[in-house]
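What follows is a structure written as C-alpha cells; I'll ask about it next.
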Amino acid sequence: MGLEIMDDVRKDFVRNMLSEGDREDGRGFREYREISLKRDIMNKAEGSACVKLGDTEVLVGAKLEVGSPFPDSPTEGVLITNAELVPLASPEFESGPPNEKSIQLARVVDRGIRGSGVIDLGKLCIEEGEKVWILFLDIHVLDNNGNLVDAAALGAIAALQNIRVPNEKYGLTGEETLQVHDTPVAVTMVEIDGTIVVDPTCNEENAATNRLTVISNADGSLSGLQKTGSYGMKEETIVEMVELGIEKAGEIREKFLNVPS
Amino acid sequence: MGLEIMDDVRKDFVRNMLSEGDREDGRGFREYREISLKRDIMNKAEGSACVKLGDTEVLVGAKLEVGSPFPDSPTEGVLITNAELVPLASPEFESGPPNEKSIQLARVVDRGIRGSGVIDLGKLCIEEGEKVWILFLDIHVLDNNGNLVDAAALGAIAALQNIRVPNEKYGLTGEETLQVHDTPVAVTMVEIDGTIVVDPTCNEENAATNRLTVISNADGSLSGLQKTGSYGMKEETIVEMVELGIEKAGEIREKFLNVPS
Amino acid sequence: MGLEIMDDVRKDFVRNMLSEGDREDGRGFREYREISLKRDIMNKAEGSACVKLGDTEVLVGAKLEVGSPFPDSPTEGVLITNAELVPLASPEFESGPPNEKSIQLARVVDRGIRGSGVIDLGKLCIEEGEKVWILFLDIHVLDNNGNLVDAAALGAIAALQNIRVPNEKYGLTGEETLQVHDTPVAVTMVEIDGTIVVDPTCNEENAATNRLTVISNADGSLSGLQKTGSYGMKEETIVEMVELGIEKAGEIREKFLNVPS
Amino acid sequence: MKKEGEIEFIKDGKRVDGRSFDELRNIKIDVGVLKRADGSCYFELGNNKVLAAVYGPREMHPRHAQDAKMAVVKFRYNMAPFSVDDRKRPGPDRRSVEISKVSREALDPVILREYYPKAAIEVYVEILQSDAGTRTAGINAASVALADAGVPMRDLVSSVAVGKVGGEIVLDLNAVEDNYGEADMPIAMIARRNTITALQMDGNLTKDEFEKGLKLAMKACQQIYELQRTALIGRYNKGESAKLKDSGT
Amino acid sequence: MKKEGEIEFIKDGKRVDGRSFDELRNIKIDVGVLKRADGSCYFELGNNKVLAAVYGPREMHPRHAQDAKMAVVKFRYNMAPFSVDDRKRPGPDRRSVEISKVSREALDPVILREYYPKAAIEVYVEILQSDAGTRTAGINAASVALADAGVPMRDLVSSVAVGKVGGEIVLDLNAVEDNYGEADMPIAMIARRNTITALQMDGNLTKDEFEKGLKLAMKACQQIYELQRTALIGRYNKGESAKLKDSGT
Amino acid sequence: MKKEGEIEFIKDGKRVDGRSFDELRNIKIDVGVLKRADGSCYFELGNNKVLAAVYGPREMHPRHAQDAKMAVVKFRYNMAPFSVDDRKRPGPDRRSVEISKVSREALDPVILREYYPKAAIEVYVEILQSDAGTRTAGINAASVALADAGVPMRDLVSSVAVGKVGGEIVLDLNAVEDNYGEADMPIAMIARRNTITALQMDGNLTKDEFEKGLKLAMKACQQIYELQRTALIGRYNKGESAKLKDSGT
C-alpha cells in the first residue's frame, strides 16, 4: 500500500516537472540519454553488443546453430528472438517463464528486423529442407531504467553486424560474416499530459498515458510500430511521433550503426 | 460463501421439482433437450461438427497431419482426442493446462471411438514404420449447460464422418474420405434421490448423487461405460441405466448419424 | 506454528541425548542402522535394488532404452540419474516437478558413479553417432527416515550390478550384463554441537549444523563430496569426516557389494 | 513477411478476392449467443469466425493481482486447434500472449474500470476459424460482448487492419494478402472520438503510406462501429434483454 | 484395444496363465509397511506390486481448495519410471490423472469426510511393478491404508476388473489378456453393501456380457474384501497398533 | 568427467595457460555497477564474466514461505543463453538448481538473517560468459554485492575451485582442465575464520590429494578475500555510497 502511494508521488513529480518544461534528469524533451554501444564483447556468442541508455543496460548475444528448417520454408534459416527480463535487472522483474512484457519486447525487436529485411534468411540455408542455420538473438536485460526496446533493438542490430559464422564448429565452409542489409532503429516516445518526450525513464514510462515505438530504416521508411498502454491517442499525436521517431533514428544510426563493412 | 449457499438452493430446487415429477426445463425424465447437429462448418478443419443439446454447445474439429507411428504399432495411424474446457464456456472453467475434468471428457469420448472400432487405424498408415496419419480430434466446448460428454461424443462421430483427407497438402494420393465403421452414441444419465433422468443440465449434474455414461453401438453392444461422482450405486440402477442408454442411443443414431455414405 | 515448536522440541531432544552420549535409537555415533539390500526385485526394470537403512527405504530401478547419443560424445551411451521424492514417503514431500532436494540427491549419486568410472559409457555405444543405450537410473524413495543419499547410492550400484541388457527387445545382440568397474559407497555424517554421527535419522538431520556426504571407492580414493546446510565447518572436522567416511564405506562394500561376478 | 513475386495482388483495380482497395470483407455480428457468459458475441469477418465472452465484474483471483482503485481487465485470445491449416497446439504461445496484451490495452480506455475496484472483468476470445485479421475481429467481438454483459463503457471500440500489397495501400487484408503482402497494420479505435487505442505495424511502409493507411483504417472503423451498434440495438429490440443468465450458474 | 488373432486365450477351459474364468490372481497384502505415513499398505496382485500411503486428516493446502463442510480427499496414482516395459517419464500423464479421479471417487463414499471439515485426507498410490489391473490394486491398497491410518470409514472398498477374452467373460485380466482382449471393465464396490463406487468399461461387450461380468466382479470383490479384512485383523493382532508414528516427523 | 589422453596438461611445471599450480586466473571486481539493484558486483575470473545483484531485505513472497525467525535468502544462479558454446535454453535446469542451493548455503552462514524475520534477501547471479568456475565466481560476486547492498554480514565469503589435472593438484581450473581433468573441487569459505561454507567434489582424488587440494583452496580464498575487500573499500572511497538507489523504483 505504501508502495502504491510512492508510485503516485513519483508520477506527480514527473508530471509537475514536465509542466514546467523539465525532465527528472534535466534532458530536453527530444533528447536521448547518453548512449554507449560496445560490440563483440562476449567470446562465447557469435555476435554480441552491450547498449547503455543512461542507466539502462541491455546485453544482446547472437548464437548460430545448425538445425532443421520449418517445413513450410525449407530454403530459409530461422531467426528466433528472445528476451529475458531477469530479476537482477529490476525490483519489478520476477523469475519465471517469459511473461507478456518480455514476449512483447522480443517480438517488437524481431518484427523490426524482419520488416526491413535485415537478414536474408535464404542465405542461412545450408542444405534445402535439411540443414539451416538457426540464429538465436537473446536480449538479456541487466539494468532497467526505462526504454528497454530502443536499447534492445540497437543492441540486436549491432550484434548481428559482428557475427562470425561458426562454420568450422560444424565442419562447414561458407561466408564468415552475415550480411546486414539494413539498420532499423527503434525510437520510443511517451505522451505525458500532452507532452511528447523521447527515450523515457522508468518514472516517465509509469507517468505516461501513452507510449509509441517507431522503428525506421536507413531510407526513412517504417519497419515497425507498437503502441503500448491503456489510453487512447489522437491521430495528430501519432503522426507527430512517427515523424520524430524517424528523425531521431537517423541521428542514432549515423552515430552508431553506419560502420564501414 | 454466498455462492455455496446458492449451490445448495439450486440443488434443493432441482430435487423438489423432481420429487413432484418435474424437471427445471419441463422435460420428461427420459427426454433429451432439443439436439442440433451441424456438419462440416469449419473450413480449416479436415472434418468438423457443432452440436447443441439445448443451451449446451460443443464444437469438434478433426485435423489430419503426417507424422511418425508409435514404435510398438508401426502399421497404424494415431488417434489423439483432446478436450479444452475454455473459460469462455462457463464461469467455472479456468485457463490453464488440461485438468481432470477435461482429461476425463477426452478419454471417455476416445474410448467410445476405439471400443467400437470406428476408425481402422491400419488404414491411416502411409508407410510402415515411417509415415502415418495423425488424427487429432479436438473437442472445443463453447457453452456448458450440462452433459458435455454426450454432445462431444456425437460431435466427434459426425466430424469423423465428414473428414476429407488432405492428401494433396502432403503430396500424397489415397482415399479422400475416412471410412467410419460404427456410430457409437454416448448417453448420460444421473440419479437424483433415486430418480433417473437423461441428458442432465448443470443444475441436475450438481444435484445428482450419481452419473453414468453409457456408450453403445449400432448393434446395441456397449463400447464404453464411465461412472462419475462420489456416491455408490446399486447394481439394479446400473443395469437399468445401461438398458435406457442403449435405447436412447438408438433414437439419436437414427436421427443424426445414419447418413447415406 | 505448533509444528515449528515441535521441530524445536525434537532438535533439543536430539541434542540433549547426544550431549549425554546417546542417540535417539540407541546407536553408537559411528554405527549405521541395520542395512538390508535386496537385488533384482522388479521384473520390469533391467536392474533393481531395494535398500533399507533402518526405517528408511529406497527403491532403485535401472532401465535401458535405445536412443541417440549427445552430439558431442557420439561414441558414448547416456547415463541419466533421476530421483523422485514422492509424497508417499514423507509428510514433508509434495507432488510436483523435481525440486532442489530431489535434484541434489540425484546429482550427488550420479557424480559418485561417474567419478569412479563405474560404467564405461563407451561400452553403451551401439552404433557411433546414431544409436546408444540410454541408461536411466531412477531413485524412488518409499520411506524417508533420514539419510536418503547413502541408501540411494548403495541401491544404485546394486541395481547396476544386476542389469540384464534387453538386446532382444531391440533386435540387437551383445553382452547380457553390464560391467561394473567400481563400487563407490556414499557415507553421510552430520555434526551436531561438535559431535560427528554417521547415518543420521531425520531428527538428526534437522538438528545438525552440518552434513557431509563422502563417496569413496574400492581403492579408498574419493569419487564425490557434498556438504549440505547453512553453517560453516572447520577443516579438521571435514578431514575427520572424510577419513571416517572412507572407513565406513569399506565396511559396507565388504558386506553388500563384493558380489562374485 | 514473405515475398511472393508471382502473385498478382492487384488486377484492374481490384484485389485477389475482387474487393476494391477500401472495401471490408463481409461482416456478420450475432450478440448474446452464449448462455453461460454474462455477455457474448459471434463475429465473422470474411472467413474468420470468432467468438467472444465476457464474465464479470466478479472477484479477482489471485488476490495479490487486485487493483485497489479499479477493475482489472483480463483478456485471453485463444485459437482453437482446428482453426488454422496446421493444427495449433492448445495453450498460449508467444503470439497469443502479445495479442492478448494489445487487445486488452485496446479495450481498457473505454471500460469504466474505476466503478469496480478490486474486481476482474474477464474477456475471452476464441478463434474458431482463422483467415487473417483475427485480432481485429477479436477486439470487435469483445467490444460488443462487453456491452452485452452490461459492463459500463464510455463507448465501443472498433478495429481493422490495413496493409500494403502489390504496392497499394488496402483495407482489411485477407490471408493471401497478409502472408505475401508488404505490410500489415492493425489498429483499434474509439470510432466516435477518433481516438486510437491500438496500433501495430510490421512489414515496410513509407511515412506517406503509413498516413494514408491510418486514415483508411480510421474511416473503416466508423463503418464497423455502425455494424456493432446495429447488432446491439437488434439484440435489445428482440426483447432478449430479459434473458435469465443465472440459471445453471 | 488391439486385436491379436493369433493368441489362443482359452484352452481346455483355462486361461493363458492356467486360471479358470472366475479365478483371481494371487493376492498378498501387508499392512503398515511404511514408517512415516499415517497408514500404509503393500498390495500384490499377480505381478502387480503396489504401495499405498495415507496422510491426514491434516490441514488442506491451498486454502481456497478447502471445503467448509467436509474433508477433501486427494488421491494421486503414480507409476514408478521402472514399473513398465518402456520407462515412464516421471510426473502425471493423462491416464494417471483420470485414474486418480476415478479412484478418489471410488473411495469417497466410505470416508466419513464430514468429520473433518476443511481438512485434507491424502492418499498416495505408487505402482512399483505393473502387469494389468494396477488401478484396482491401487484402490484395494488405498482402502486398507485408510483403515490403517485410522481414518473413520463406513466400510472398506474392494476393486477388481473383469473382461472379455477369446469370447469369454473372465475375471481379473492379466497383461496379455488386457492388451489383446476384447474388453476390460474395472469396478470398485463396498462389498458388504453391494454398492458400486467405480465403474468403467472399454472395449466391446453385449448387454448380456456386461451383466454377466458385473456379477462376476461383484462376487470377486467379496473375496477381496475378506482378504483385506484378514490383513487388517492380522495387523492389529500383532499389537503393532501402538507404533510410534511421530518419531522423525 | 571425460578423459582426454592426448592433452598435455602440465609442461615444464606450467599449466596449459602458463599458470603455475597454485596460481589464480586474473580477477577483476567492480562494485555497485547496477542502478536498480540494492547492491551489485561485476566479477571476472579469467574468461568468466559474472554479474551479481542483491535486492532486499524486502517482503517475502509467497507468504507461506516466510520464516518467522529470520530472513530467507533466495539465490538464483542463471546462465545467459549466449554464455556457453552451445546456446543454453533459458530457464533453470537441474545443474543451475543445484548450484543455486549450494551457493545459498555458502552465503547463509555470514548473513545476519535473524535481523529480518519474515523478510527475503534476494541474490541474483547472471553468468554472462562461462569458462569453468562460474559457481565460485558467482559466490564471490554475490558476497560483494550483499556487502554493497548494506545487508548486515558477519564477514565476506570467498570461493575457488581446485582440481587434479595431469596428476597434479592445481588451483582454479580453466575450461580445458575442467572438461578433461581428473577432479574438480569447488569450495567456499569465510576466509578470515578458516570456516568452510561450501564443499563439493567430483572426479577422483586420493585422500592425500584431497587434503592437499583443500589447503590450496583455503590459501587462495585468503587472496580472493583481499581482492574483495579492496574492491569494497575502493567503492566507498569514491564517495559513491551516497548513490540514489530509489530513483525509478
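Here the chain labels run A, B, C, D, E and F in written order, and each chain numbers its own residues starting at 1.
In this section, a contact is a pair of C-beta atoms (placed from the backbone, for glycine too) under 8 Å apart; a residue touches a chain by one contact, two chains touch by 3 or more.
Since the structure is predicted, the reported quantities are computational estimates derived from the model, not experimental observations.
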Touch-network distance, chain B to chain F, counted in steps: 3
Topological distance between chain E and chain F, in contact steps: 2
Identified repeat of the C-F interface (over half of residue pairs identical), from B-D, B-E or C-E: B-E
Most distant chain from chain B, judged by the mean position of its C-alpha atoms: F
Gap in Å, rounded to a whole number, between the CA centres of chain D and chain A: 27
Distance from chain E to chain A - Cα centre to Cα centre, in angstrom: 57
Approximate Å spacing (C-alpha centroids) for the pair chain A, chain C: 48
Touching two or more other chains - residues of chain B: 98
Residues within chain E bordering two or more other chains: none
Overall pattern in which the protein chains touch one another (line/ring/star/complete/other): ring
Ring order of chains, beginning at chain C and proceeding to chain F: C, F, A, D, B, E
Contact set on chain E toward chain B in their complex: 1-2, 68, 94-95, 97-98, 100-101, 104-105, 108-109, 183, 185, 189-190, 193-207, 210-211, 214-215, 218
Residues of chain B that touch chain D when the two form their complex: 6, 24, 42-45, 48, 55, 57, 59, 61-63, 65, 82, 84, 86-91, 95, 97-98, 136, 138, 140, 142-146, 169, 201-203
Contact footprint of chain B on chain D as seen in their complex: 34-37, 47, 49, 51-53, 55, 58, 76, 78, 80-87, 90-91, 122, 124-126, 128-130, 247-249
Chain F partner contacts - residues on chain C that touch it in the complex: 1, 4, 73, 98-100, 103-104, 106-107, 111, 114-117, 212, 217, 220-235, 238-239, 242-243, 246
